[in-house]
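As structure tokens, the structure follows; a few thoughts come after it.
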Amino acid sequence: MSTIETTYREAMRAAIRDALIRDDRVFLMGEDVGRYGGCFAVSLGLLEEFGSDRVRDTPLSESAFVGAGIGAALGGMRPIVEIMTVNFSMLALDQVVNNAATLLHMSGGQLNVPIVIRMTTGAGRQLAAQHSHSLEGWYAHIPGIRIVVPATLEDARGMLWTALADPDPVLIFEPGALYPMKGQLDESVREVDIDRAAIRRPGRDATVITYGATLGTSLAAADALAGEGIDVEVIDLRTLRPLDDATLLDSVTRTHRAVVVDEGWRTGSISAEISARITEQAFYDLDAPVERVCSAEVPMPYPKHLEDAALPQQVDVVAAVRRSIGDGG
Amino acid sequence: MSAKHRLELLRQMLRIRRFEERCAELYSAAKIRGFLHLYVGEEAVATGVIGALRPDEPIVSTYREHGHALARGVPMDAVMAEMYGRTNGCSRGRGGSMHLFDADRHFYGGNAIVGGGIPLAVGLGLADAMRGSHRVTTCFFGDGAFAEGEFHESVNLATLWQLPVLFACENNHYAMGTALARTHGQTDLALRAASYGLPAWPVDGMDVLAVEDAAHRAVEIIRAGGGPVFLELRTYRFRAHSMYDPDRYRDKAEIEEWKQRDPIDALVARMRTDGELGDGDLEAIEREVADELARAEEAAEAGPWEPVTDLTRFVYSERS
Amino acid sequence: MSTIETTYREAMRAAIRDALIRDDRVFLMGEDVGRYGGCFAVSLGLLEEFGSDRVRDTPLSESAFVGAGIGAALGGMRPIVEIMTVNFSMLALDQVVNNAATLLHMSGGQLNVPIVIRMTTGAGRQLAAQHSHSLEGWYAHIPGIRIVVPATLEDARGMLWTALADPDPVLIFEPGALYPMKGQLDESVREVDIDRAAIRRPGRDATVITYGATLGTSLAAADALAGEGIDVEVIDLRTLRPLDDATLLDSVTRTHRAVVVDEGWRTGSISAEISARITEQAFYDLDAPVERVCSAEVPMPYPKHLEDAALPQQVDVVAAVRRSIGDGG
Amino acid sequence: MSAKHRLELLRQMLRIRRFEERCAELYSAAKIRGFLHLYVGEEAVATGVIGALRPDEPIVSTYREHGHALARGVPMDAVMAEMYGRTNGCSRGRGGSMHLFDADRHFYGGNAIVGGGIPLAVGLGLADAMRGSHRVTTCFFGDGAFAEGEFHESVNLATLWQLPVLFACENNHYAMGTALARTHGQTDLALRAASYGLPAWPVDGMDVLAVEDAAHRAVEIIRAGGGPVFLELRTYRFRAHSMYDPDRYRDKAEIEEWKQRDPIDALVARMRTDGELGDGDLEAIEREVADELARAEEAAEAGPWEPVTDLTRFVYSERS
């Protein structure tokens, strides 16, 4: 297999470009996706290549253009709708919760909504209290939609096409902190499965379950712990709804210890759901209570030192794994 | 316009009227549950506007949509079965009165979020525009919905992109219990719509011929590539907002005044003066409608219930 | 103490009326709260008594009138903003999540937002997929706001005043199914604490934790189980954010078994959070995994038999308690 | 208008201009982080509008609000310290550039959700109206925000209830990289606003005297109980949208053209011809501004950091 050096941002762009080439029902729509090149430069150059009809700048009207994306999907298109940042998606939530997620069911199976909605999520760039939330886990509460979070170059490159092939609404959350991430990518990647979680690092002593921006944090923590002779398995959820319980439970029944790491606020987080499911289905296999490492429950403060303090750090993951092992010890 | 055509308009309005009068009874008889919003008094709007559309032109409606569904040709038995919540209903019984759907007939519902369907119509229009089609997507919504942000964003988007969308605003002068003048600082809705840069004008929504005429002009503009059009259809609902509504907020005299302009009576009178309504014509229509309604009720009564084991079907598509 | 017979609806109305009398900064604002008398007749008669300035009908503009409520609160008023149904609150979520919940923090402690937002929640009236959600547990994910759910006549009567006295935003969720609930109410009730959960039925064998419409279901299940000699403690959370962990943990450490009952969808529900917290803090006191009884993950279908099948029923609670006890048995 | 007053307007615009030019340098020096949106070129708007307000009249702004904060009288050192994220910042360092607040000076921020502050302004106006006050609440927002549903709902609400709110639309002809004509089907924003039923007119936002004059007329209407007013202030930002923006979407010639209308140069020229600017006056102001800026930077540099142990303070109020 031949690989190329690329970034997460370029991989996302390649995925969008590829989709626009492969299927003429596909189009990209959102604020500044065209002439500006995307607020995080993801769609840079696509307007020039595909024209303003298929790379469509929208007014500041989140509810209408997300709703229009749903309508276009009903009309046989395959829209990729970009919302700049998860916080702004609150303005379009009515369309997502009351229309995209319900139409198939309300219509008794008549109306599919094959829309893909992409948005940036997460903190780490000192953007403060209205630009730094991580709400993908919160969205995972809604039946009728699928939630995916690419954490690797391969998933950034491959998840979009799989999402577009899905007959139902798929939301892709892109951790803003990952856009500059560099690495090697297999050139042949075009689509990837989005049904299963992935074991990014096999291990025997404890299972760390995470996704998105905290995958890197968790892998670094695992390396650190390896130095102490603690062998940690790291699982990347990849899809937050529906959750791949099988992969999680198989791991936990082997390691008997689980730590969930998640950039969302702790209360009502996806971590809580995972903790509850593991406890429900593997209670007697657990040597220690499931640990959670989440963000502090605070609207994100601007200063770097406070933002760092609010976010899950490698030391927090290391400490949680140690607690889990100490506990059961 | 031929007498035959007017007779068709009359038949259509009567189908809607009799269907809904019966629904009110069936609600009291607890055959129909949940929210039930009747269209009685507004029949000329659905009949006139949808009469101007081709059968393949998409319609997006509201929770007050029985009239739109029937005018579009969704079979009355499928609509009635839906009200009963049976699997032979047009939404398989999952939707009920507020969520009538019929994909084959390009009827996109049935939306119970005020204003929630408007962006969907813009999107359906966008899909056509991107395929180079000027097929008209019609969106029905009320005077109350006009105050929602989704309306503003949608009309701007459709105008900016010159999409083939007909915005059919059913101004029945009340948003539930709130009169037009307590919803809008400027109550001339057509005037406000025009400020977005699309053709917009008010229409007498109690006169089915005026509505049909306006709708024809509107769809001609749109099909010619003239972009979206806004029609303010001035009408009135003769009954309460829903079966829950004691209707305390309207003055009875006002209701009576509007009832003098009943769109069905008006058309009948006009056809009589023009000698277009022969003896027994009306009775004949009434009989046909009564039969259709009776059959619909039977079909609904006989319709099977969805088995509980299928509860979670249709949350996601079934993968083959 | 002298009591009166009243309903949940009348108790809410009395609470609003009382607040309008006690504090002239208080006003009620929302769709059809005035001339119509409230879509569920809660505010019937208040327009006539207090006038259209203080009982204010709004246009269909959820985002603007919720935002205006926040602004009025900043301006020194004590607004009670009514949103007819939780589904419609999606249209105002930007104002709640990005403004009400963040202003105090973003401003470094300068700006309080003493707003109260009331809305109807829950299913049970065959209102189908766009009027039947139970999202109060979902809202509990958001730091900066407080979430309360009155399940009794006393709380319907007393929670509003306490909420108005709170310097921060409080959301009151009123289960629509409870409005007709009749009963005796102590005439003297004016305000109630909203910090603690309440033990509605003491018991020794298992703890059922619930709130809102499923409190009745849970108490009925407890009675049924009593017949089998199983003594169930039933806790009414009352406040979903912040959760009163102490009361829950104290009970579970006594009963060693917990069942959470919640009308929300299971995945990412408040039940998941409670399950996770109990496991984290009382793992070694548990004789069985925490059980959850939630709603089926489906947009609510219209027919009665399907709606019933989607909602937590007494038999489901009974079965969960039996499982919990059987498990540990 | 007195020469002295014009000199004040000049001083105010220069304070804003020099402050922001320095912020751009401090951003490159990594003293300021996150998003930084500069107002350079638009100073006449904040200076003219806020100059017409009383100090106790509330202001609601956007993420491009340094100019509004300085014009309102938020001390420059408190603003600079906020950009640095220090506890002596006007938001205690928690907000940064996009979230400047000063309750004592009735400056309500500092909102980074486009359109998000507009309903807040309506609410502040509602609070005053309910107390019988016609104190003017001013809301600044852009041409892009005009497309948001929250704008539509808010203007209708303010007009319906005749609230004392000044809608100050800063039309700088771009929403980030999207030109006015690609955001709106009808680009005459004052015309569209007028359709809501409130006084609305366009103003040359590059001429501080024209802005101040228009603002005076607007607040007179509002204070007299005439309800809300909408001003479309036509202006231009000389710099990129934010420090992240390579500004690929604007034609350099267009930028140059607008720079010919620099509001500061324009006022200086005018005062010179009117003989209102003595030798050294300008230099004197520049010196004072430079000193103020130097002191502000020192204060920011010296400002303490919030201890990490206080991370979760201010999520909820501290109960006494």
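Going in written order, the chains are labelled A, B, C and D, and every chain counts its residues from 1.
To be clear about the criterion, a contact is a pair of C-beta atoms (placed from the backbone, for glycine too) under 8 Å apart; a residue touches a chain by one contact, two chains touch by 3 or more.
Bear in mind that the values here come from a model prediction, so they are computed numbers and not experimental data.
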Label of the chain whose CA centroid is most distant from the centroid of chain C: D
Centroid spacing, where centroids are CA-atom means, of chain C and chain D in whole angstrom: 41
For chain A paired with chain D, centre-to-centre distance based on mean C-alpha positions, whole Å: 36
Intercentroid distance (Cα basis), chain C paired with chain A, Å: 30
Set of chain B residues in contact with two or more other chains: 93-95, 99, 111, 113, 116, 147-150, 153, 156, 160, 182-184, 315
Residues of chain A engaged with two or more neighbouring chains: 59, 61, 63-64, 87-88, 91, 94, 98, 105-106, 128-130, 143-144, 297-299, 301
Chain contact topology (line, ring, star, complete or other): complete
Residues of chain C defined as touching chain B within the complex: 31-32, 34-37, 39, 57, 59-64, 87-88, 91, 125-131, 296-299, 301-306, 309-310
Interface residues, chain A side, partner chain B - complex: 27, 53-54, 58-59, 61, 63-77, 79, 94-95, 98-99, 103-112, 143-144, 146, 167-168
Contact set on chain D toward chain A in their complex: 33-35, 85-86, 93-96, 98-99, 111-116, 144-145, 147-150, 175-179, 182-184, 244-245, 248-249, 305-306, 308, 311-312, 315
Chain A partner contacts - residues on chain C that touch it in the complex: 63, 87-88, 90-91, 93-94, 97-98, 101-102, 105-106, 128-130, 133, 137-138, 140-144, 241, 243, 264-265, 267-273, 275-276, 279-280, 283, 286, 288-292, 297-299, 301
Partner chain C, residues of chain D touching it in the complex: 58, 60, 87, 89-95, 99, 101-103, 108-111, 113, 116, 118-128, 130, 149-150, 153-154, 156-157, 160, 313-318
